[in-house]
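Listed after this line are the structures, all set down as structure tokens.
Each of the next two complexes has chain A plus one more chain, namely chain B in the first and chain C in the second.
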Partner chain A sequence: MTAESVVHAEHLSKWYGQVIGLNDVTLSVPPGITGLLGPNGAGKSTFMKILTGQLKPSQGTITVLGEPIWGNPALYARIGFCPEQDAFYERMTGLEWVTALVRLNGFDDAEAGRLAGRALELVELTGAADKKIGAYSKGMRQRVKMAQALVHDPELIVLDEPLSGMDPIVRRKTIRMIRDWGRQGKSILVSSHILYEIESMTANILLINQGRILAEGDVHQIRDLIDEHPHTVYIKAEQTRSLAREFLAYDDVLSLKFEEGAVVVETGRPDLFYARLTALAASGELGVIHEVTSPDDNLQAVFEYLVKA
Partner chain B sequence: MTAQEMAAQARSRPGLLTSAARVFDLSLGQMLWSRRSVFLALVVGGPIVLAVALRLAEASGLNFAPNRSGPTGAMIYGMMIWLLYVRFLVPVLGVFYGTSLIADEVDDKTITYLFTRPIPRSAVIIGKYFAYLVCTVLLLLPSVVIVFFLVVPLGRGATVAQMFPTLLTDLGMLALGLGAYGAVFAFVGARLKRPLVVGLIFALGWEPAVLIAPGYLKRATVAYYLQTLVRHEMPQNSPGAALLQIFNEVPPLSTSLIGLAVIVGLGLWLAGRTVENREYVLEQ
Partner chain C sequence: MPIHDQGYRRYLGTRMPRGRAWAVITTAGLRTFFGRRTFLGLLLMAWLPFVVRTVQIYAAANFPQMAFIAPTAETFRQFLSQQDPFVFFVTVYVGAGLIANDRRANALQIYLSKPLTRGEYVLGKMAVLMTFLLMVTWLPAMVLLLVQVSFAGSLTFLKSNLYLFPAITLLSFVEATMVSAAMLALSSLSNNSRFVGILYAGLIFFSDALFGVLRAVTGESRLSWVSFGNNLAQLGDAMFRLPLRYSTPWPVSLLIVVALIVASGLVLEKRVRGVEVIG
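Showing the complex of A and B:
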């Protein structure tokens, strides 16, 4: 373990009955932003649940900010966790929910209210603070989850698929926000199954598949490999036909098809496509883009290729 | 005090009781306005419907206790307390709410937000238990009061004023019953994967069965201790009296109170220990 690492795991394994979630993982996460990249079922969420003290390792050890995490709730004051699941107390407003959660960190009512207001402002939800969470859009729900993770000003922020379901503009803002937190000295571990998302936040990547860490560090080779595979993007929007017409003019678009209220695009240049899409969403010329997601088959194909190789 | 000192003070880790109180605040509103509460409010409304039907029957000419041989209003009220509230509604409320204290958070996947805060995990179950208690008391006790005022005036038995102290005893007894059943089922809910089924078997199968059987097994029920606290004059030579014979074997009052206190304390302690040590794996 390096003196600086914020998370250190030694021969960490986790299994659920006969199913292996993590398999003999040894790693150190340095301060700053680190991306945890892997397809669904790779073990990302299991790792994040262990390092946030929700699950106990079956074997091996893990320390977070220098202390063991399981059964050590005092350490949670220094950690913020934004889980993957879209789960809330739907009848509460965003402000009520974040305030109620930060009160559990020991803040009094007045301070809790003030901090919750500030956190909602950071994620640009001030205008919707008094709306019920049940009435929030997918992107707003993601952001209010992030607000509860950062409201108590933690040293380590753990974000499990934070960009999932966000529209391009909010996605861009969120990426910028995460980068800002990193610049402010926060340590951030962020998971995704989309390399382009992770890359836009950090060059420091942990590659995980089938419960094992395949590579650590700045992984250009993986990037090259992924570039060789077409990337699928699912776009839920107001005017899918106009968008499709626009996309057909792009050289990098290999194919597209329509689904209910959405258009699914296959591109050979994902970074270029995402940049154009964000600009298009920002201009508002072709109506509102509600949600952008990417199925993880792209990355899965690359991992299959890697494992075979 | 400097701003830094204030911040440090605000960030001091809350203790068990403070944490439990804050979980209580967070949970009460959710519990009160849940679909479960709406459903159980309808169930708890059953005795009120019955009481209204009895009043309508009287208004349409049915004479209660015309010659002192039939059941008076006070007797009917007593039977309703025994058979509907003590035997059925209190255990059912305990099962449905108690087993769900942790299970609902796990099923809804909101447990993550509570378990990643710097509070003892046992504070979560304790806070939610007290929210349960307030919620069920608010559901059940108004129903008892309404039934009391509708049923007791029937016939020529004891008056409302004479029976009023009994009402207060009943309210206290039922609240205590909710507390005891809630603690037992909070533990069941924290420990088992299908707590509702086990809870229903315990409350509606095991308890009634062992209560009418001779031996010591009845001491492993909540109802055994609770029934001592039910104080009603029961009708003689009536089907109701025969039914109530099964509850005749009751421990002394002090034993009952100690027994119920032990059940609450032990149930909550076990539930707290379970939540502290158990992993809750959320389905993906």
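Showing the complex of A and C:
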């Protein structure tokens, strides 16, 4: 465990009867924003429920902000948790709901009301604070859940799929908001099964699948990790057949297929392939190359690749 | 245009000490029900027997020809028995949704991520129901005792029946505890408060009906312990120093009441926890 880590787990496992939710997970989450990525059923929610003290690990240890979390409610005051599912009374207004919850942190009525108003302002829900939650849109519901997670000024905010169901504009605002909280010194662990969402918030990610951590660290480190594995390049060009003939002569090209106006190449040495391709495009010998993209260039492909592996 | 600071300022005021979060749950629950007219109407109705008894005590104290209705120690026992239907309705109205509604709203996972233990959560919920139950049992009975003293203009009755204070208090608290624990346990088993209410009513009526059948078959009341209500009645008689109405020894009834509370606690321990989700 590093002195700085906000969450540290060692050999953490959780079983639900015969089903395993987390499998021998050892990791450290540094301060700042960390993305937890994995498909549905990967164990993200299980991990988040363990680190917010709601579930007891079957095996292993976990410390949050330097203290064991299980059976330590005093520590919960330093953590804010935004669950994935809706978790409120629809007949209450947003302000009433957040106020009621912040009172559990020991604030009196007046202070609770003030803090709730402030939190709703931060998630840009002031205008809807006095509306019943039942009338909220999906995006507003997500934001009111986030408001209750940050209302008591926690050091660590745990957000389970916070962008789920948000429209693009609200999504962008929320991403900006989360980044701002990170800049203000809060540690944030945010889960998602969509990598570009996480990529827009942080470069520090944890990849989880089938209850195991597949990879952790900086996005670029993970990229380095997968660069040892086949890499797909999509090349849209005038003379795809000529290009294909040229590529077949390269040792590092593992497979090749045609798509409409394009050739898709799988290479074992992406750096070398890109260098040759750049030279080829510059020479113009095999016609114009319109577009070079790689599904592996976005994190979604990185994630899919690692999950498949 | 002034640009406002969007950042947080740390709260420097005082906070409620740890371990008191249950009071927040209780306060919220009490406020919710006091805000409902239907419930206030029910509470008002629950105090009607008190009004009738007050008139009785007043008449007996002020009109010699009405001395035959003068209250005795048994009057207070009868009064508490008369409150049983109100105990039932308050329990169903208040208790059925106390945990079931939180389960339906997925609120437990939010609550339990706050500085609130499961024990504090249950205690807070239980305090809501117990408060209302004591408001229709202990509170009117105690006030009635004070009314008796004030209308009689002397402490004679009180001095000769001093045990009424602990008897009223003990019976009211035992009843409120047993009923609240049982209802909370049932409430934790479902997400549907109506179903919980029906289940509770079903259990009460079934246990009474079962006793009725057993009594008819055996011709005696030794098996009165199968009825939840009978156990309380039996304990009440013992506390008020009255002849027991059934042949079941009162320690057996006490054992059943304690067992029911313990069983309810075990159910709550199992059911009140963060939702186990693989996500």
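The rule we apply is simple: the second predicted complex is superposed on the first by the 218 of 309 C-alpha atoms of A that agree within 3 Å, B and C clash if a C-alpha of one lies under 4 Å from a C-alpha of the other, contacts with A are read in each partner's own complex, and residues count from 1 in each chain.
Convention: a contact is a pair of C-beta atoms (placed from the backbone, for glycine too) under 8 Å apart; a residue touches a chain by one contact, two chains touch by 3 or more.
Keep in mind the model is a prediction, meaning the values are calculated, not measured.
For the composite obtained by overlaying on chain A, chain B and chain C cannot both be accommodated without a clash.
When both complexes are overlaid on chain A, the residue A:87 reaches chain B and chain C alike.
In the superposition on chain A, contact of A:253 is made with neither chain B nor chain C. Set side by side, chain B and chain C differ in how many residues of chain A they touch, and the one touching more is C. By the touch criterion stated above, A:180 is placed in contact with chain C alone, chain B being left untouched. Of the two partner chains placed around the shared chain by superposition, neither chain B nor chain C is touched by A:125.
In the superposition on chain A, contact is made by A:52 with both chain B and chain C.
Applying the stated contact rule after C-alpha superposition, one finds that A:19 touches chain C and leaves chain B untouched. By the document's definition of touching, of the two partners only chain C reaches A:43; chain B does not. Clashing C-alpha atoms with chain B appear in a single stretch of chain C, chosen from 1-9, 91-99 or 145-153: 91-99. Residues 16, 41, 45, 52-55, 73-74, 76-77, 79, 81, 83, 85, 87-89, 100-101, 103-108, 111, 148 of chain A are contacted both by chain B in one complex and by chain C in the other.
Residue ranges of chain A in contact with chain C, taken from their complex: 16, 19, 21, 40-46, 48-49, 52-55, 73-74, 76-77, 79, 81, 83-90, 100-101, 103-108, 111, 115, 118, 122, 148, 153, 160, 180, 184.
If you check the complex, the residues on chain C that touch chain A are 6-8, 10-11, 13, 15-18, 20-21, 24-25, 28, 101, 105-107, 109-117, 273-279. Looking at the complex, you find that chain B touches chain A at residues 10-14, 18-19, 22-23, 25-26, 29-30, 33, 108-110, 112-121, 276, 279-282, 284.
Of all residues in chain A, those touching chain B in their complex are 16, 41, 45, 52-56, 71, 73-77, 79, 81, 83, 85, 87-89, 91-92, 100-101, 103-108, 111, 148, 152.
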